[in-house]
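Same chain, two partners: subunit A is paired with subunit B first, then with subunit C.
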Partner chain A sequence: MALLTVCELRTAFSTGSKLLPVVRGVSFDLERGETLGLVGESGCGKSVTALSIVRLLPPSGKIMSGSVIYDGVELTSASKRALRQVRGRHVAMVFQDSMTSLNPLLTVGRQIAEGIEFHRGSTRKAALARAGDLLEEVGVPEPGRRLRQYPHQLSGGLRQRVAIAAAIGSDPELLIADEPTTALDVTTQAQLLDLLKREQAEREMATILITHDLGVIARMSDRVCVMYAGRIVEQGNVDEVLKDSGHPYTEGLLRSVPRLDAAVVGRLPSLPGAPPTPGALGQGCAFAPRCSERIGRCDADPALEPVGDDGHTAACWMRGASRAGAR
Partner chain B sequence: MTAALGEPLVEVRALTVEFRVAAREWRGSKLRLRAVDDVSLTLRRGETTALVGESGCGKTTFGRALVGLYQLDRGTVVFDGIDMAELSSGQLRRFRRRIQMIFQDPYASLNPRMKVQDIVEEPLRAHRIGNSSERSARVRELLALVGLPSESGSRFPHAFSGGQRQRIGIARALALHPEFIVADEPVSALDVSIQAQIVNLLKDLQDQLGLTLLVISHDLAVVRQMTDRVAVMYLGSIVEIGARDDVFQHPLHPYTNALLSVVSIPDPALERAREVRILSGEVPSPIDLPSGCRFRTRCPFASEVCERVEPQLKDAGTGHLVACHLVHPPQ
Partner chain C sequence: MPSTPRSNGGPGSFWLVCADMIRYTLRRVGWTILVLWAIVSLTFVATFLSPIDPARSYAGLRASKQVIAEVRRQFGLNEPRWVQYGRYIERLLHGNLGHSYATGQSVFGAVLGRLPYTAELAIAAMLVQITLGLPLGVAAALYRGRPLDRGILSVSLLGVVTPTFVLGYLLLYVFAFKLAWFPLGGTSSFAALVLPAVTLGVGGAAWYTRMLRSTVLNIVGEDYVRTARSRGLPERLVIWRHVLRNAIGPLITMIGIDLGVFLGGVLVVEKVFDWPGIGEQAWNAISFNDVPMVMGTVLVAAFFITILNLAADLVNAVIDPRVRYSGTAGGA
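Up next, the complex of A and B:
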């Protein structure tokens, strides 16, 4: 059985009188120990998908329908008490901005020890000692001194290491990392990705990695879901999706990323236009207005269909099994 | 006097910019933070030079100093043969038309309460150029030049996406027919699919208008697609500079090497096989620079001499300069 099953998840945000659909029917499975990349541009719904899974949506956001089953437990209808047992203990999160995700009034030591005390029932002293060990494990120099410092006294890279230490402190089975390295410098980014990969392998922790960076996806994930306008438009094994894409959006995105191993070109291939805003979605395929392969049938919504081996699917009328009858 | 294409347009000599910062440990006294330390750089007309490095390396301070936004502590900026420090304030004001800036954040750099046509027209009004109808004609021309529909002028910035806002910022920078533009992280706030559009636009505009560009960026893969020369900055100082292909294909400085090795490639097989050189530790504070080579605290090849002697930027052949004792062993 999969560790996490998300099925037809729909989340909307209310703005005044209107309900804006942000996640529009997302489904995926995550196996134990597996890393799933969620990739897409800003506003595609990847973060909201993650926040919906652990029910940490802001007050204006609401899960409209669908189910999230974690280890046999339905989270969309779980009680607050049950959720608290899952969050932090079984499912931990690391966010992009460690300046706002860490409590500025707590020392680094308290920050990490708090979760260990709550979830493991350790004494204060034991939890603090464990926090020191964790800091050492995530490569924070002078852990003894750092335990007594506050978040603002640390650099961005160190803060993110602290956030990772706090997340893995209760040995979660699932880590949700939302753009964990985006705010960091490139050399620090490489250090942190390396750390995440090592921790994940040692702890056999399943990971949902949310990022806009296809290079990070290539380095870190086993499988990938490409999101566009609140939907998964392609999913599959990372090699299949990035080497043999089944959706024009994935292809366009890959083409527009300048690569250091490719020649310098006169003009970079670019996708025309911009992604639609949640309120402005029309009928049919959301990518159609920017797509060079658009046909009449794109006025209707395509569903995910097999385009390759190993469960590789894409939502495009021009690919997949229904292609034969498309024209 | 006007420099021809390929002639030096901007010559920066031994530029130093310092900030005075308060430090709690030193109550009362102020510390000096040297953001840019003795940097010399020549920009040729019609050429694009990229200044790359991580946050805090001084690249933005350098760019702003060139545009005249900071007091220079030492050094000179000679623009088209004229030392900018010797201009009177009136002369400097007229002179500034020739130098413009494009900013990183298209949300913060446009006034949300001004219509797009007023934003683009503002530089013309500030410099009292043309009458109202001439100025409107120029605004329409500029909007077309950056690929925005003509009716954009009557709308406010919030109606535009990040990429379109960046086009508005570019139109404003072009309003006064500048010769030199400093673009500070022009695409890093944009989504991947939009980045390519703006990179292409900047390249087209440069070809059409013969602009000289200084592109400040941390993204080596993007910069490689739009630059002729590359300067790599670390802790306020240029550690390597040269023609694009020299630096990208034969990087000489260990820092440049590390920066290039951490750029990931969206190809899983390549990524698994690729050797990533992860630098240990963090960038030291610019208030308390290491002795000798400023990169030595993170350099895997640092030796005793790196601690004592500061390496100078020297030619390693064909104008490819590097400041490293590995390449130029000290006598």
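Up next, the complex of A and C:
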């Protein structure tokens, strides 16, 4: 049985009178110890998908339908109590902005120890000692001194390490990292990603890594889901998807990444147009307006269909198995 | 993973906090002294700008020119301004606020005499403000949009717009006159403190309620609250440790200022309830052009406000590490 099964998840945000669908039917599985990359442009719904898994949406967000099964437990309908037992202890999260994600009034040590104290029933002292060990594990120099410091006294990279330490403190089986390195410089980013990879291997922790950076995906993930306008448009092994993509959007993304080994010829290719705003979607493939390969059939929403081997699927009439009957 | 012995990463090691607090305190005390000096000097300047002739006020309405001239000489009012200023500062440093023109008694002594009553009322009113304002404000925020919130918002709006004297007379009429639960003013018993404290405190409580509601609503949407929830902590703990702790800062500043203002005397409530406080004393002094008394009361009020503001800042510095490191809070 997969560790996490998300099935037809739909999440919407209510703004006054209107309901804006942001996640429009997302499904994926995650095995133990596996790293799944969730990649897409800003606004495609990847963060909201992650927040929906543990029901950490803001008050205006609501899971409309679908199921999220973690280790056999249905999370969308679980009681608050059951949810709290899963959060932190089994499923931990690391967020993008470490400055705002840490309480400015509490020491770093206290915040790492908090989860340990609660989930393990440790005393404050024991939890703080463990926090020190964790800081050492995540590569923070002078952990004893850092424990007593406040978030604003640490650099961005150190703060994010603190966030990771706090997340892995209770030995979760699943770590959801929402753009953990986006706010950091490239060198720090590389170091942090190495840390994540190491932790994940040592702890046999499954990871959902959310990012808009294909390079990060290539480096870190086993499998990848490409999201567009609230849906998964392509899914599969990372090598498969990056080498032999099954969707025009993925291809467009890959083409727009500048290459070090290619000669600079003319303009950098980019996808024309812009992603649609939630609520402004009509029928049919959401990517069609920007797609160079669109055909008449694209007026109907394509479902995910196999395009290669090994579970590689893509939602495109031009690429899918039903392609034979398209023309 | 070996556990190397290291010091307890408690709430910021005690001695480190102390060192920062001392630095911060010295800085703030320095500023406070500067502010007090500025207030004292401005008050001095203000008396020269006023159209009242202190010699005339002292000598009385029917005094002759010679008497007035003699008074002027006696009080050194013919000396150059800066000499008078020097004497003024010197006297102040000795706690001498002059003598009342009306009664002749020491201003400092007179104000000190009224201070216990004013302090009693101030503390009681502040208790009312905190015990009403804090829970209602937090409750309104946590149950936002629901009937409880709407109810609290309506009632607090009423509290904010109702003039103090209207509320005071209303309470007097209903609870002291009609129901006779409380005495009709004065300071005869502990019960006499209730109505004036409630009158004074309700308006402030309404402000605290609305302000706290707004602050808590802001904080509840912050990322670190989401992080705390993502750790699986029970909601009660999240509210207590993460929300309230961060919301209290602005409230403490307001408490400091309010207490300072109260201690300077609250004329309206004192008049309505016949409460012998500094406010009433100041009012009488103004009516009689009793310059030393007026100045004395102003200085005492300014002193209390400044000192209590300092105290509030120091409390905030203990709670919020950003305050003691940079001197400013990051804001809720």
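The definition used in the following text is that the second predicted complex is superposed on the first by the 327 of 327 C-alpha atoms of A that agree within 3 Å, B and C clash if a C-alpha of one lies under 4 Å from a C-alpha of the other, contacts with A are read in each partner's own complex, and residues count from 1 in each chain.
The criterion applied here is as follows: contacts are C-beta pairs under 8 Å (C-beta built on N, C-alpha and C of every residue); 3 or more make two chains touch, one makes a residue touch a chain.
Keep in mind that this is a model prediction, so the values were computed, not measured.
Asks: Please determine, from the superposition on subunit A, whether subunit B and subunit C clash or fit.
Replies: In the arrangement built by aligning on subunit A, the partners subunit C and subunit B fit side by side.
Asks: Thinking of the overlay built on chain A, is A:A218 touched by subunit B (first), by subunit C (second), by both, or by neither?
Replies: The answer is first: A:A218 touches subunit B but not subunit C.
Asks: Regarding the shared-chain residue A:M1, is it in contact with subunit B (first), subunit C (second), both, or neither?
Replies: A:M1 sits against neither subunit B nor subunit C.
Asks: Could you say whether A:A280 touches subunit B, subunit C, both of them, or neither, answering first, second, both or neither?
Replies: Touch partners of A:A280: none, neither subunit B nor subunit C.
Asks: For A:R259, select first, second, both or neither according to whether it touches subunit B, subunit C, the two together, or no partner.
Replies: first
Asks: Subunit B and subunit C, closest CA-CA distance after overlay, in Å?
Replies: Least C-alpha distance: 6 Å.
Asks: Taking the two structures together, which residues of subunit A meet both subunit B and subunit C?
Replies: No residue of subunit A touches both subunit B and subunit C.
Asks: In their complex, what parts of subunit A are in touch with subunit C?
Replies: 54, 56, 58, 80, 84-89, 92-93, 95, 97, 100-110, 113-115, 118-119, 125, 128-133, 136-137, 143-144, 147-150, 152-153, 163, 166, 170
Asks: Touching residues of subunit C toward subunit A in the complex: what are they?
Replies: 1-4, 6-13, 16, 221-224, 226-235, 237, 241-242, 245-246, 319-322, 325, 330
Asks: Looking at the complex, which residues from subunit A come into contact with subunit B?
Replies: 41-42, 155, 157-158, 185-191, 194, 212-219, 238-239, 242-243, 252-254, 256-261, 264-272, 274-275
Asks: If we count contacts the way the header does, which residues on subunit B are in touch with subunit A in the complex?
Replies: So the residues of subunit B touching subunit A come out as 54-55, 161-164, 191-197, 199-200, 203, 218, 220-222, 224-225, 244, 248, 258-260, 262-272, 276, 278-279, 282-283.
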